[in-house]
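My structure is below; once you've seen it, I'll send some questions.
The first chain written gets the first letter, and so on, giving A, B, C, D, E and F; residue counts start at 1 in each chain.
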Amino acid sequence: NQLFSCEGEVIGQVNGLTVVSYGDASFGLPSRISVTAHYGSGEITDIERDVELGGAIHSKGVLILTSYLKARFGAEHPLRFAANIAFEQSYSGVDGDSASLGELCGLLSAIGKLPVTQSLGITGSVNQFGEVQPIGGVNEKIEGFFAACQLKGLTGHQGVIIPVQNIRHLMLREDVLAAIRAGRFRIHAVSRVEEAIELLLGRPAGVMDAEGSYPEGSVFAAVAERFAVWHDAEKDDDEDEDKPAAAVVPVPVAVAASGESRATAVRRRHRGVNKH
Amino acid sequence: NQLFSCEGEVIGQVNGLTVVSYGDASFGLPSRISVTAHYGSGEITDIERDVELGGAIHSKGVLILTSYLKARFGAEHPLRFAANIAFEQSYSGVDGDSASLGELCGLLSAIGKLPVTQSLGITGSVNQFGEVQPIGGVNEKIEGFFAACQLKGLTGHQGVIIPVQNIRHLMLREDVLAAIRAGRFRIHAVSRVEEAIELLLGRPAGVMDAEGSYPEGSVFAAVAERFAVWHDAEKDDDEDEDKPAAAVVPVPVAVAASGESRATAVRRRHRGVNKH
Amino acid sequence: NQLFSCEGEVIGQVNGLTVVSYGDASFGLPSRISVTAHYGSGEITDIERDVELGGAIHSKGVLILTSYLKARFGAEHPLRFAANIAFEQSYSGVDGDSASLGELCGLLSAIGKLPVTQSLGITGSVNQFGEVQPIGGVNEKIEGFFAACQLKGLTGHQGVIIPVQNIRHLMLREDVLAAIRAGRFRIHAVSRVEEAIELLLGRPAGVMDAEGSYPEGSVFAAVAERFAVWHDAEKDDDEDEDKPAAAVVPVPVAVAASGESRATAVRRRHRGVNKH
Amino acid sequence: NQLFSCEGEVIGQVNGLTVVSYGDASFGLPSRISVTAHYGSGEITDIERDVELGGAIHSKGVLILTSYLKARFGAEHPLRFAANIAFEQSYSGVDGDSASLGELCGLLSAIGKLPVTQSLGITGSVNQFGEVQPIGGVNEKIEGFFAACQLKGLTGHQGVIIPVQNIRHLMLREDVLAAIRAGRFRIHAVSRVEEAIELLLGRPAGVMDAEGSYPEGSVFAAVAERFAVWHDAEKDDDEDEDKPAAAVVPVPVAVAASGESRATAVRRRHRGVNKH
Amino acid sequence: NQLFSCEGEVIGQVNGLTVVSYGDASFGLPSRISVTAHYGSGEITDIERDVELGGAIHSKGVLILTSYLKARFGAEHPLRFAANIAFEQSYSGVDGDSASLGELCGLLSAIGKLPVTQSLGITGSVNQFGEVQPIGGVNEKIEGFFAACQLKGLTGHQGVIIPVQNIRHLMLREDVLAAIRAGRFRIHAVSRVEEAIELLLGRPAGVMDAEGSYPEGSVFAAVAERFAVWHDAEKDDDEDEDKPAAAVVPVPVAVAASGESRATAVRRRHRGVNKH
Amino acid sequence: NQLFSCEGEVIGQVNGLTVVSYGDASFGLPSRISVTAHYGSGEITDIERDVELGGAIHSKGVLILTSYLKARFGAEHPLRFAANIAFEQSYSGVDGDSASLGELCGLLSAIGKLPVTQSLGITGSVNQFGEVQPIGGVNEKIEGFFAACQLKGLTGHQGVIIPVQNIRHLMLREDVLAAIRAGRFRIHAVSRVEEAIELLLGRPAGVMDAEGSYPEGSVFAAVAERFAVWHDAEKDDDEDEDKPAAAVVPVPVAVAASGESRATAVRRRHRGVNKH
């Protein structure tokens, strides 16, 4: 009954990996993580925690990825955004921090409006500095995602992202190994969030230059640009209040003289700043 | 003793479907969902949760539909509204997220001031992106709504909205099947909230165009227009504070020169923006 | 030991009806509901809930009547008021939503400064749209209020307000029936809050006209006028801050030139707006 | 070990009356209620409740007297004050609302800076409109206060304030009756808070005139004046922010030209307003 | 293992006295109370309470001393400070209000930046008006502090501050009595906080004069001055916002022309006000 | 599976020391403490406490180090920052305050952007004034860190920081003693946080001079400078609001005329202030 997709790409949607136990048996299942972002005052709603379906370790993971995001993008000024993280169709509680790497990627996708590939599943925990930490049940999780892909049809682009520390725990079923050997399924071991970002979002995370900007086309540049738009939206909103004649609706309005919409101008200006 | 209506249309009022169990037997009953909306600072009060009559899964459903609404209409600026969602005459607690699709439609109805048909019952869960997710007890729910309509008299316009994934669970009683075959009762299977909106509110949800506007006459255009009025109300309120001579009461005041009320001007302006 | 009055009229004070059970026996007792209103930021304090003497259903009833009030009077702007609802001399907890109709009438009385007749007892639940919903124990409640009036002396003006849906549950004691037949006691069955308002406050609730105003002399006009005074008070308060020379105390000050107090001018202006 | 005084007068300090039970025996004891008031944003701290030493009924009593105060003095504008109510040297919890009448008098004393006579003990509950409600244990309470006064020495000015409804419960010990008959101890039965105020604070509570002012020298005039000073203090504070040259410390500064301190001018102005 | 000092003086640090029980035996131990103060919005953090190591009576004591402080120094305007009160190296919970007198002295020390002598231990409870209330275990507490001083070496300046009401409970060990008789240890019995302040801080508390100022050199003058600096800091901060050219860092900047730092000027001005 | 490093240096990352018990055996293990800092309104998130994995004593330790930080750097003005403290890969709860000294050093590192050496482990509690307090399990902690370093390879620069009061508890294993005697491992006993800061951050903490500044190059100077940048960021943000033409993104923008970026100018100005 679970909505599941292992093809195409979706903004804010990530294929997480979980382990389910029935008596002695335990097996892996994909679990859809979804993230939305919008204007706000800096709060990230961990929906599982909010309704008391998330355990302490899961909540800790979300606090840690929140710290990572704010320390990277809000080091010197407030962030005017809000985000919501949910485990879709999860009705019986989640725990552990093994989803935090995927949740962070989904969050950056939702903020930067950059789609996430659905071909890859991801498991891993992340610390406040973006380092990936090992998780449990790596084999069951890989086999579970492989099985789910098989049901939908292997495309040759599918695979999983795991923490580099978990390589030594790999003991996969023969059919999964065969698919890997045949190049029809892949395992990506990562040691930092930037590597996971590049795999899931299909473009480099981006390294900050000496002026504090990120390279054009990078994920972090898109995220920084969205934060700048929100910051500007707050300013516009205040201007509207002070200047009753200005347009109230915060959607782009064509500026006759320049032949360029205001939103485009805003974007170009920030892009310019990022290019420095 | 339950207030119930399966004719006409009402703003903010939706026929939800629930399953009740007595010993071995379980049967469906319609349950009225009501939603009001007014000026506020963005809070949606889930009344069942507030008084601890709502379970965790129900609360999660309301948080998710809230995310959907804010990500769609408040992506780049604050939303100055408040809304209240209640299960009327429900005295013993609700759980599950099968009402979230109907609650979201009721919320859009209350905000956009567009009436909901009472001829249709609705069940389904919705995710943060507006996709419909399957629910349980689909047969009991359909049979329960059918029975309630029969008591009031079948009009030929009645039916239910269900998630498309639940079609394969359909095993209805013969009398319901007969009514369906005779065209006196209908089952609508939907895969996105936009389809449910169109069925319940009688007009297209509306697809955002390149300028970020919705087509005139669409549900989303009416909702966006109400948010613009609220945004404007905040501005007016601040203007009043700064200009003591201005009228304090936020009801329309005729503007002599233009022969057009200020409220009409506001509405026309936003509509113009939406037409872009 | 209970303060009780079934004559005269009092602002913000309503005769609610409750049922008390001792072993097998259960009988009705009047219960005084009191409401005060003052300047604030929109909060309605349900005193029973605040001190954990109110059950979930009672709390739900107060949230629902709050929604009704805010959706009607605060649809497009903030309401600068606060109100407090209490069950007087109630020391052991209340539950059920059968007082919500009376509480809403008391709230409108306190806001609009219009007295409530003490000759009538009231029971009934109200939904977010002002529709009256049925309640339990209708016979015990009526008989209890009748008995309490008898002790004080029947005046011929006394009676009760009940939900229209409860008419079919009526099975009253012979002495009550006799008093009703003799025209010395009355039962008023209502289906909307506006009918209860008119009975308790002695003037029409008022229907909103096309300009959004209520008829002069109606309850809703008085309530809207009080909200306008509060809104204006906020404005005055800000003006004081900006203009140090202005009077600080928010009591009326005679305006020499016009021969009319400022408060009167304010009232006249709003009344004018309501007349549109 | 209890601090106790039944002579003289103290601002914000009231002799409450409590009943203590040991096995079958129960006897009355005076209990000192203390109240302080200062600049703030409208909060009244019920210290017993804050530290979870106060029961629900006691908390309800404090909420109700808060409503009374705000509805009377803050009907149309915010009140910039804070107050703290404590049962001194009470270490094991209080409940019941029989102190609320005394607490309200202590609160008015602290706000208006008018001393409370320590010669009188007080017991009684008050509703949102200032009406006094009956309490339990009236005989034990009176006898307990009488005994405490006897220990300190009867002055002839001592006595108790009780609710008028409790007169019919009076069954006092012979020695108390003898003292009453000899005019060495007095019982004052009151039906409204205004009567208790006059007894405890030694001046009339004050009746509001048509302009909304209270008679000079009345308790309510002093209270209204203090609220006006606080309101003015907020204004001055904002002025200071805007005019860096102005004095920052909110203590009176002599104004050379007029030969009158600024505080005096403020007081005179408000008194003027109250005289209207 | 406890840090303990009974010589010298430290700002914000007070030697409290506690009683510990092991089976039948109970003995006194000094317990270090530490207080810090800084810019804030009026909150006093009772660290024991915050982490649920403080009992209800202890919390009540801190609320009461907070009321005392705010009523004395914040009667007519907001206090822009924050303070933190902790029992150092206390790991198993504290209760009782016998530390509140010492905590209040530590608080005034931290705010006024005046050191507390470490030669004296203190026990006593304080009410909202600054009156000292009796406590339990006075003998064990005195003997415990005496023993701790003996270990460090009696200096002849050591002693304890106790409530005057506890004098009648004194039954000290012979060695303590001998030290007292020999003038090598002292017991100070106090009835008001001002007496404890003078003993611990080594200067008079200060009596408010008719203009609302305290005598130069008094503790209350230093405290009032610090509140004035904080109030001024808020003003400066707002000025900075409004005047972009002004210095941002709130540390003193030399003013060339006058040959006097701005901070000195500020201090002089307030001192002037206090001298009135 | 624990990430662990005992070489190099990292901003905001500290090697804490913990003791783990299995049955009768207990041994020490390093535990990574991580801290991030960013713009905010003064809150320090103790992540362990937030998710209820931290005990009361640990929470108390974090409150106390927070007091230390605010009293030192925010004595006279608000601090516009936020910080987050986590025990990485800690999944089963922490308690005790023996990490507070290391947490405070990590916090200062994150704020001042100065790296912490990973060669040293640290254990110790700190009070509100920066004094170090003794802890338990000192031998197990030292031996545990020694063993972890051995596994990674002793570099000769490794060692531990412990409270000076714990020297007398030292009873180390022979191999550790041998390494210490051979100069391949070191034990640093400290009595104040400033000593730990200098050891971990490799530069003096800094002593405040008469003008309230810290010596250039000191840790406290770097921390004060960061607070000044945040304070300035708030000001810039407000300026943007008031001057729509100004740049919104708070990253450095080259100022053509002066040949110096604005950020550099800001930094130079504050540095100048610190030099006074």
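Quick notes on this structure:
FYI, contacts are C-beta pairs under 8 Å (C-beta built on N, C-alpha and C of every residue); 3 or more make two chains touch, one makes a residue touch a chain.
All values reported here derive from a predicted model rather than from experimental measurement.
Shared contact partners of chain A and chain F do not exist in this assembly.
Each chain gets a centre from the mean of its Cα atoms; for chain A and chain B, those two points are 29 Å apart.
The geometric centre of chain B is 51 Å away from that of chain D, both derived from CA atoms. Counting partners per residue, chain A has no residue that reaches two or more other chains.
Taken chain by chain, the contacts form a single closed ring in which each chain touches exactly two others. Chain order round the ring, anchored at chain B and oriented towards chain C, is B, C, D, E, F, A.
Across the complex, chain E meets chain D through its residues 56-57, 59-60, 63-64, 66-68, 70-71, 74-78, 97, 125, 127-129, 131, 133-134, 165, 211-213, 224, 228, 231-232, 234-235, 238-239, 270, 273, 276. Remark: chain E residues 1, 3, 10, 12-13, 34-40, 45, 47-48, 50-53, 82, 84, 86, 88-89, 91, 229-230, 233, 237, 240-241, 244, 247-254 touch chain F in the complex.
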